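Both complexes shown next keep subunit A, but they swap its partner, so subunit B is in the first and subunit C is in the second.
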Partner chain A sequence: MSLETASPSAQHRRHGSNAGQPLTRRDGVLKVTGRATYAADNHPEGMLYAVTAVSRIARGRVTSLNVAAAKAHPGVVEVLTPANRPPLAHDPDVKMPPFGFRVEVLQDDTVRYVNQPIALVIAETLEAATEGAALLNPQYDIDIARTGLESGERFGLAAVGVGAPPRTAHGDIEAGLAAATRVTEADYVTPQQFHNAMEPHAVVAEWDGDRVTLDMPNQALALSCASYAAYFGIPAENVLIRSPFLGGGFGSKAILNGPQILAILAARMLKRPVKLALTRTQMYGPVGHRGHTWQKLRIGTDNEGRLTALHHQALCATSSFDEFIEPAANASLPLYASPAILAEHEGLRLDIGTPGPMRAPGEASGSAALEVAMDEAAIACGMDPLEFRLANYAETEPGTGRPFSSKALRECYAEGAKRFGWSGRPLEPRRMRDENGFLVGWGMGTAVFHCPHFPAEARATLRADGTALVETAGADMGQGAWTALAQIAAEALGLDPDQVELHSGISSLPDGGIAGGSGHTASAGLALHNAGEDAIARLAEIATADPASPLFGAGNIGVAARSGRLHRHDDEGRSESYAEILARAGRAEVVGTAKAARDPAIAEAHAMFSHGAVFAEVKVDPDLGQVRVSRLVGAFAAGRIINPRLVRSQYFGGMIWGMSFALQEEAIADRRTGRIMNADLAEYHVPVNADVPSLDAILIPEDDPYVNPLGVKGVGEVGITGTVGAIANAVWHATGVRVRRFPIRIEDLLVDRT
Partner chain B sequence: MSLSIGLTINGQPRTVTLDDPRVTLLDLLRERLDLTGTKKGCDRGQCGACTVLVDGRRVNSCLALAASLDGAEVSTIEGLAEGETLHPVQAAFIEHDGFQCGYCTPGQIMSAVGLIAEGHAGADPERIQELMSGNICRCGAYQGITEAVLEAQKILAERNRRAAA
Partner chain C sequence: MNRFDYIRPASVPEAVAAAAVPGSAYLAAGTNLVDLMKGGAARPERVIDITRLPGLDRIEWLADGGVRIGALVRNSDLAYDERLSRTFPSVAEALLSGASAQLRNAATVGGNLMQRTRCAYFHDLAGACNRRVPGSGCDALEGENRLHAVLGWSEHCIATHPSDFCVPLVALDAVVEVEGPHGGREIALDTLHMLPGSTPEQETALMPGELIVAIRLPAEAAAFSRNARYLKLRERTSYAFAVVSAATALEIEDGVIRAARIALGGVAAKPWRARDAEALLVDRTASPEAFAMAANLALAEARPSGDNAFKIELARRIVVRALSLALEGTPEFMPALPASPFSTITGANHVA
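Let's turn to the complex of A and B:
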């Protein structure tokens, strides 16, 4: 479980090749000493503080704001309202492709959700700005809020998630159901969830003429520069975003939002730097969330327990004015073999902030329903849930028949089951008790997540002293990018990671793509790898053309880069150090550059997914219904692992999110007002240390020759899928009570069994 | 109005003039004294990111009014390492990967330092998990945090034993 830790040390360790080694984090010392600088830690000379005033109603109109009272408060400099908000160059009600959302930036007095910004107060101190916002005392014309299934407006969809089709059909679903000997049918509900990254959304904006510098946590630097530029009517290169550290993102810091745009606008208007940090409660609205879903599964099975039909329907909530739809039903597309699969979505408009991508968008809520439905179908067939999944193992992608680029899911099932001790599991529920008389249950679920690849660019510079500088505008929100990317670059450059300096997290560097979709290591990593190889090729050209080099004339034979030296392929003894080659050539450096993207032909020919199997043990108090997860074992196959220490942490994080989904997280809206009643970290429950059980993550080796030249898949999101179902199924196994609404509550389990 | 208070921050005595009676210890550190290592996660004592030691006790600095702390000794994350030598808790957090994004980390570490000093930690991981539960880590680095506190506690106990011998 834990790594070798003979002595505490802040030093990187290296054994053999760079990639694959469990190095500690490169930014570790900065993070444990408080020297890592997050956006709100910046404090330029003359800075003002902005605080948003937010709506307390979900739908209607702001009829008055006491701007005079706010302005009269000592220290308040300006109050931005729809009456005086300077113009923007882009209409905020028009979506900006490719990932643009409509935003609320005081374009009018309408209120479309609770916590929408209705004014921005700017002051000399945070205390004055906060008080000024409180003094605005907004009055409203209140319309009846559409807050739930009964009141929302259903509508047909053009797309779900990020541009996926809303309906995908393979085979004839009704024929498949008709051919079944059993049909398992059930409805599942998943709640509104909020990212709640520990770092609230923040920005420090400073203008210099028509150039702006933005200190802000950002998962998509290049895209954001282009979008901010469009809003402010300036060229993209005039926007500099500095995001060296993000205090968590989970999808919420990839997309522009109203409050940050307003703060930037205020800085331009007042010609002074402005800092805005949202309060925790203000994050429950304008910065995205995981949308509420109502799902129906119909699973047809034959006498052997094989699927004849898999029908997954999802009704997904979104806002009244935008269209992000949690692609939940698509979770049923890639996993189980069935002659007929149908995944379809419908939208539901509510008076809420627009949902957005949140760690495993679609997969998490879809998998929660699918894995419980599969458990129910297994029980209906009288089969062990693992045996049932193996009977329906997809050797090729269901529906399309495309081969998987790699798929070691069978090994995940086997290793996970072995480590967990699954084989002794009784089929019937309520058969196991612990020494305290608690009901014990075991459940499992399959984890799956797709492998996107974003175009990215990088630069690698070999320097006269034999060290290297590598650069790409990536983002490390905790996944460990700074460390893993440096390892990849070091390997390509034939250097020790400690000899490689990585610059990232600032938009002026080559575009590192998006830190999202679990695709950042592969995307930015491949660009760095290619840039490193380009630099080595240029260095080799210099050496092999130089009569004074031991490598002279080796151009056709080729050379290999290792430990800071180039070696002749056919004669290991003939080699020269990078520093020597550069010195004799009189060069201060050699620069390699690269762009990297996925080969569309290979992508078209293969289905690409990370997989895993999660096994859970829960203990339930038979009298009180209290559930504790006592063990979680996950086995995951995600291609080549660059840094097992950090990958294990990513899996643990995902599994904890899965536990949170199953048992804790839920935003509860007041049905009358639409106001979220638990919009803070005391009442919106996320796991604390004492909630977390013994965790075990097994890294299953997987060689993938197709997914990208590095063989790297994603690890950040797959852990949450599978885990939700595994825990819910374990709760059923402990209690015999099937709960189909998340999170599972104590009262769900307090049913009369006499 | 303005009010002067005396504080000892990371061993340095200072006189601080408060420009506003509403200033919390957290906003004093972050916005006025350039000690931004202490983080604001919720501003209402629910997440623990702002944990510092006041007179040796673990305190949510977002809930402490600066004006009420005249004469107090405040320890923050910036004062923990001795030069380039990390405190054993800091080193153990790195070794056990007890953080991901790092935003809750200063608070986690100050909580750990506080509870070890108070003698509450012991060698029982479940007890450490309970005692560290006032500090939320959304990334879910809890297993590493618990291992790090256990190990640091062991190292510090050994150090104290040697010093006493």
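Let's turn to the complex of A and C:
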């Protein structure tokens, strides 16, 4: 079997001809030719421009706004402030279930973080609105900002992430540590990071009576419709969200935020369409971020290098008024076998915008610390880091003993190590140099990400010409959902993907669930698959009941859909095309529908994760401390692969983000004011092409009969996990310097030349 | 962005006349000015668009072997000019290590000289900055100042000048030609940018209304063409300003240094010429010891302005490395990763 081809499931009949192909993105040409219409490209007749005026203090009160000056500016139509902001039907200080946060929508004059909206200026032009916002010249009563570990308030938590317990214990951690021959203990710090999707948060809102149309990038269409409806006191079906394209989301476009709500409110108030697009700087606050963490790992090991205890503590920053806690310590739960595991979290309240889910929330930060700690523990045991991980391989889910739905991590380790050339790596650091004298280091890390499944619905219509239309309100954030989802539907329909038209990205379609948690392909895909099967079943009923059909009477035997024809199972020669069946029946179309969700019994009985192993080579200038990642090899097992081209692209993206996390990304806040001092893409660094010389992503075959009937696991986030630690460990191996604060900086590596 | 008058003069005298009005700003490619205007750090009342002025976009070779570069020559056009990159290779290398390909295609050489500091407090309208608002104070002093100046700073300002291009230019004794209300004059690039002292708002030696029309590199600078490098440490391989950078050039006869040039970037409010260190090298055998002595001398006056003591040691090391690279000789071809310590790594096949 080729590594590129996923295996078919034994449980579920797959026709095999369509999925698994490395098709290019359906929307690729539209995007590279500029014809893809993003939210802010929509300019309905009579549209006004909104600009938020934002706070430049982190904590205090707005004491004055020069509304008169702003309104006097030519072109300014209205200024929304707490004094005149129309009411909302849902209290913004109350969380919106299930995932919504408290939002800042001018409910009062309190300032709770930098870049919080303190007014909204609406004008005939963007320029006028921008200048109007500047003319407001806010004055403040300033309270001392709580910006760091010293000044923030620590507090106990009810939950972390999205409803996960803040403390999970398996076994007796202190007993495990006492039984250890060695205990490796270290502290790790990860910074505040921002999503920085290429496309800013934007909305074009247009009301028609009590119905509103929202052009906005959105990762959770149905959920958002319900939330907006609650804020505006209208039925959910009166909200239409159009989100055909997203210029990246990474979690930040799944959750409602204040500025967008204000723009929608302004459109209703002024009875004209209103457009709002946040500036890059304004995205550093009200639309979520990856929260700052301070983590401690204690790893007990015995004489054979086996874990006796794994203790992961995480102190995680959140805002003063709401909670999103990076479930960082939970990264230690599913991966390594240990008789005692304790993952626990504590919160830290700071005067910042509320953090939120950002690509691999919790897992990315937690994996960064865990994988470095595992490297340190391996060294303490005198073991090769890969050998050490294999010695602690979890055959079943640690703590619970549940079987994994599938786990080809051992194969990931083996293939990755082979492709990378891991064998022969010296245990000691600073042992390798290249021909130019640069220090060379090799490091590795394990990647893991859970496999959520969101309820989703879909519709599949077989048309008279034998082609199909499939529909679900999904989201293509650039990951290629349009393409992979069409492939899944085409397979179920027994059609070539070219014959399948996919409608997605608009909330009036059947609920496609959430494009998050790396679960979109599985969730929306299963709904489409089932809808396709439903359509085929209905078509088969017509054919097998029709005496004129060669399939007449095959009802008990069954038919298979392949290449636009139904075939008798027991006699492949007897078949008929969809078009012929429909024509004879006088039908213009046959419509199949489906709702799909995970079987809770199977979910309860299994641990479900995507896995991977990432190997990194770095070169470090021995004098100047500059680091260059020269090679990254990741081997990942994520069940059945629908489109290897897109999946490899997702792994690349994750691994590059891991490089970013390890070496570049950090929002730098002024300790006194809380203002982010690098809130733009020139100074907030993410990798450029020249930073990424060689990437290799290996697709390890994995057959998962339990995760869902498609056998599909998530690929969007697993790539960032493992990679951060692999690079940090490679930097240690090159230099002998262990850096436990991310990102690793030049000055961390300015060791004395010896 | 504030409202402003937009003026498009047809000639240099017209431009200079227009700019005589206080509150005026010259606009070339706008890669820096427009950003500053959007953020509000610059609020000119009159923007004088010089992009269509005739005759300022030429590279002219002078009879003596020097070169005169028009102020509107694009960074990319200059960097890829074959004779320029052969004659003054460190200038081309510095240009190609700056900004991104897109910005280099737009940005002009005159604008590069006039770009403002990247100090975050200069851009932060809610913060104090003596450079932006004289007398308001310097929030960088007690703020996030890891990348700030270690040479020539004062308690009034610890900002750095961000240009890469200016570093080899100042090392090679470039001269700036300006036209102003009182006619033309020349300014040594080394004296164009001012150290902050007690008047950090006085960023350059230009008088109000003066316009840079050209930069000249003297013929003598061509003598370094075989041993000249620019080296830049940065936090990513492209589209990042220098943490510290250095331009070095050597004239070597039988292993003995006859002339040396050293300038540092990212360490001060101006490209920092290290003349004492240059003098120390003259008539010495090129050796790691000599380079280390020169580096120590170049940074002798350095002191941290905040959380940036590492930059002093880094600057010493980069001087040593850049001198060693210059000694090895100018690469035959422009490295794929210009100015990077990793420029020797093969396999990179595009300019970052």
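Criterion: the second predicted complex is superposed on the first by the 735 of 754 C-alpha atoms of A that agree within 3 Å, B and C clash if a C-alpha of one lies under 4 Å from a C-alpha of the other, contacts with A are read in each partner's own complex, and residues count from 1 in each chain.
Operating definition for what follows: a residue touches a chain if its C-beta (ideal position, glycine included) is under 8 Å from a C-beta of that chain, and two chains touch if they have at least 3 such contacts.
Keep in mind the model is a prediction, meaning the values are calculated, not measured.
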Which of subunit B and subunit C A:690 touches, first, second, both or neither: both
Residues of subunit A touched, compared between subunit B and subunit C (which is higher): B
Subunit B versus subunit C as contact partner of A:158, first or second or both or neither: neither
Which of subunit B and subunit C A:149 touches, first, second, both or neither: neither
Subunit B versus subunit C as contact partner of A:89, first or second or both or neither: neither
Partner chain in contact with A:127 - subunit B first, subunit C second, else both or neither: both
Which superposed partner A:588 touches (first subunit B, second subunit C, both, neither): neither
Which superposed partner A:682 touches (first subunit B, second subunit C, both, neither): both
Residues of subunit A at both interfaces, subunit B in one complex, subunit C in the other: 127, 131, 682, 686-691
Residue ranges of subunit A in contact with subunit C within the complex: 56-57, 127, 130-131, 134, 281, 434, 436, 438, 619, 621, 623-626, 628, 630, 663-664, 668-673, 675, 677-678, 682-683, 685-691, 693-694, 745-747, 750
List of subunit C residues in touch with subunit A within their complex: 1-3, 39-40, 100, 118, 120-121, 124-127, 139, 142-144, 233, 235-240, 243, 310, 313-314, 317-318, 320-321, 337, 340-342, 344-345, 347-348, 350, 352
Contact set on subunit A toward subunit B in their complex: 1-2, 5, 8-10, 24-25, 27-38, 40-41, 43, 125-128, 131, 196-200, 245-250, 277, 279-280, 477-480, 645-646, 648-650, 652-657, 680-682, 686-692, 695
Touching residues (chain side subunit B, partner subunit A) in the complex: 19-20, 22-23, 27, 30-31, 34-44, 46-47, 49, 76-78, 80-81, 86, 88, 90-97, 99-106, 109, 126, 128-130, 132-147, 151-152, 155
